[in-house]
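Some structures to go through are shown next.
Here chain A shows up in two complexes: once beside chain B, once beside chain C.
Moving on to the complex of A and B:
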């Protein structure tokens, strides 16, 4: 029963190597160029030669893609000026060249040490993502670690056409500790790991339709899911946005006062909560489809 | 003239019970009356045993005792396995304790070190578990014992569920010497699943307002095991388990040994070791053993205590675990320690500090923890007479003299060269030899395992076979050889190391057939707690702090 390496335990570069066709990844602005944050140095904080983001050209299943992975170990994968510029540039290039863009997200959002630059970069990246979508160039976010996609990166991920998640992945805007700080421990206990994952984890996001695929925590499964989505796109239309808005209003009405995440699962048709909790990502996806 | 004492203790006990009067209804006491009852049954000068080890705690009774003051109770000689609760520390701060004899002070280690510095910790000695239980029958027999049980019936029989642990070792010497046994129970029921302590050994029972504290002490999350620990586990498996064909063993509590447990069904299976090693265990029901048990590696497990969440699993695997007629898990710390002392091929565990002579300790100047059972299992039982393959092989290597046993127990220390925060594990001198600590302990440095008892040290650098060393100088060189980049390691002599390696006393990973590049977490049977639940077919119920689903 030996398993391959778990995707959530791999480094950003290992994830890229595992997702891209062998030898196909060509890094843009690689570490030897030493594009580092000018702000962190001033604050006496160590810098990273890739500023926490690996970007480049690659092929997945023979198809050309722009591929990027955030480095969660470096300032929580947070977006600073350089990191943000690389991110914006990549999606702009994707729109220009009409090549799909895949981003492996592992970030708490904007880097507080260079907040304004980070905020602007995220806004510009969103604009570039919508440019891609207007041109029917697929944009795919992969969220597969407990650092997950939060803050600006949480919002950014939902701008992409599709989100591929694993059960370890988490997606949200405010992180659990922030919610607890503002709402109180009674309202949301951030040390209750089961509660945290049941509210922001991959399974719940898949159930609510925020994630388009829920896959096994391994590079092969993630790559297969990404490859399947590469040919598709979901263009943005006013009608589509309005429909989504209505869906969200309905969700808020239905579950807004619910304190128990299990009730949300039940409301979404999960019958055996215990079995569903224990199920792996793909098992859960199968259960959810059958409404069990 | 007849000077033999006769019946005095019995008389004294009757007097104490008479003082209790209507405070109790028969054996049963309501929880609000407990402080008053304690005042009436305990006398100054008593040897008082408070039950509590590193897992279960008579915490309600301890907390009630701590509400009393020096004027209520003083000159108490406290005997207990583990000083674990803030309430225990209170007793010292209030000056109620004349002397304390104990084994371990894990969570209160810092508080104990502070008490020592303030000269408020009148310690007799720090013991190993069985050493202390043994003294309960010799010179430390409790006059009063405050114990913890899961359930009592209306007659006063006690059920101890999975956590029998110290209870029989405390109750027997107390009850059979006209002492008083007072039990807190989680609940009083009409019918017990089984009787672990008979009613006529119990004097008082209180239904505590909250269940006894149980620490999930042996749960190691596979997610926290590192690649380096996997490497060390591979080296240990090949260089020791496989080499000596270790059949019976004890594992410590650390992540290193958890890695070994999780490698058995994968790496161990690949090496063809199933059925050859690791069949008989004296160990608590470690969740990380589930994959090995499910893969058929394990014949039997006897435990000193239970583990939170393993109740359904152990009950369902009654061919492996010892279970009562009611079907549920049974443990016994005294008997488990005895088994670990005499009946196993190998003890393997970790330590915080090891000196150049191989002595180890978990004591630092600011934290006095003491011992648990490790010294008892991590030693050479020279009273052993039965041979096993591993015992004879290790014995032959040690080249015993004409006055020594022919065999040796394998006593293995498995440590990374650095602890967290880049603190070196290997030191020239143990913190335990600090003059202040030694003075408080009447000249005895609290050494966990003596270098003479250690046969092997395993680090990420390799294995040092101390048993095969022929002199103290050679042993020191072997330890330096595996001490990596610690100051102790940097003092090694290249030529000496090469010589020891040529003689097989020092072995690098490649010398035992392990490729470091192969060491990866992906070799583990599972990488997280959820995987353990799945391996257990849903029978393992991990404590909530480990659940993220």
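Moving on to the complex of A and C:
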């Protein structure tokens, strides 16, 4: 357990400063370049000089990385044309230079105010991520806040080699409010925070194997987890996708008719639900002993 | 759940238009399409959705399984991806089981196919909206749309409901910002669609040509700039690439 500020309470630039080796971060297209969204201007909505995404070069544990963090406070970290182009450019630079790329995701997905432009940008970034993976350049998504990774950004995160999560992080596509609207409060009560986190939170994602690490909600712990993954990569292979197909089929067969997240936890080997609910991320990971 | 209704031609009619008699080799189960057909006399693998269905975990797995089958048993056969889906299944259990990961898996299977020399051609035939388009169709090497297809993030009315920006304001802005407009043509202006095929077009010939001219180089940002619908994306990307070299 580490002391210091909680990662989910930090701003995007604080998170970057906390992950990068001291003084190593050099921002690309920094705020003085004034890259602002013309869409938001025309809609009379405040703009941001970085369009809600901080990108740059850094070192983590002495190793060169490209590092990005989405700014959740700015339109929910949503992806507009500029934001998305910065993201695509960074992963393309990572592929070109064979330097690992770490993305701290905090985004509800496509920025609705910019329509389809953000959607295409996410699709382009996915292509760039797979360019990295084909070259065995590690791509790592960090998901550590309640804004989490949703919509297209949730899907994009699953294209990266690895996902590092904290118990605060949430990963999904449709958010609870949207689902409640569609399916009714009986099917999904979006005000039931325990249910929301057991549906999409880091613990459940780690248990099922969709998050590769579940760590304490602090920069030191996140950095350690990222540093461990920087030397690894998982290029797409026929053997790999066939195994994954079986795993996902098994998951759907076992739990497809299960409404109760506790049953999923139990099925994945958690014995004491109450203790596991209260456990910190790393305690939970130890309790769960994934893969047992 | 209500499914958006449409007065579009039946799914079988769309398949017949694209693949002629060979469309009989395409199975349709719970609005998921899988099979093999021919285009211009050459074999193609077909995956897709129809009836504006929502894509859930099981659908993603069936599409993925068919891509794997193609990679294993039909080396280098082009894969044609048809899209008529209103979105990802908005369902709590689907989310709990990791729908995003199921989509990520489908994308990985398609990436594997691309790396192994399969051309990936997408045709948006009906609805091609949001997550349903991102999870496979937008991952094609080249993406086409029938003129009648509903392509884009979401209709202006839905955008207005979420953003609280009045419909007339969005409609007015969409005249100069095609990104806000919904449909195949504005999506093509952004570079998201290579070409829109009209009702008069010989789509079998168009599809054969599309396969022949396919390239794995993602050209959407270039197209978006050239066509004027997405003026910033390419330049911003280039600036990132240039400044990261310094």
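As a convention for this text, the second predicted complex is superposed on the first by the 286 of 292 C-alpha atoms of A that agree within 3 Å, B and C clash if a C-alpha of one lies under 4 Å from a C-alpha of the other, contacts with A are read in each partner's own complex, and residues count from 1 in each chain.
The definition used in the following text is that contacts are C-beta pairs under 8 Å (C-beta built on N, C-alpha and C of every residue); 3 or more make two chains touch, one makes a residue touch a chain.
Model, not experiment: these values are computed from the prediction.
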| item | value |
| --- | --- |
| Contacts of A:151 with chain B and chain C, given as first, second, both or neither | second |
| Dominant contact partner of chain A by residue count, chain C or chain B | C |
| Touched partner set for A:9, first chain B, second chain C, both or neither | first |
| Touching partner for A:277 - first (chain B), second (chain C), both, neither | first |
| Chain B versus chain C as contact partner of A:122, first or second or both or neither | second |
| Which superposed partner A:139 touches (first chain B, second chain C, both, neither) | neither |
| First (chain B), second (chain C), both or neither touched by A:233 | neither |
| Contacts of A:107 with chain B and chain C, given as first, second, both or neither | neither |
| Shared contact residues on chain A - chain B and chain C | 198 |
| Complex contacts: residues of chain C adjacent to chain A | 1, 57-58, 61, 64-65, 68, 71-72, 88, 90-93, 95-105, 107-109, 111-112, 115, 130-131, 133-135, 138-139, 151-154, 159, 162-163, 165, 169, 173-174, 177, 179-182, 186-187, 190-192, 218, 220-221, 224, 230, 232-241, 243-244 |
| Chain A to chain B touching residues, read off their complex | 1-6, 9, 167, 191-194, 196-198, 201, 203, 274, 277-278 |
| Residue numbers on chain B that touch chain A, as the complex places them | 265-266, 291, 520-523, 525-527, 530, 533-534, 538, 544-545, 547-549 |
| Residues on chain A engaged by chain C in the complex (per definition of touch) | 28-29, 35, 38-39, 42-43, 55, 57, 66, 81-82, 84-86, 88-90, 92-93, 96-97, 110, 112-124, 126-127, 130, 133-134, 149, 151-152, 154-155, 157-159, 171-174, 176, 178-179, 182-183, 187-188, 198-200, 204-205, 208, 210, 236-238, 240-242, 244-245, 248-249, 251-252, 255-256, 258-259, 261, 264 |
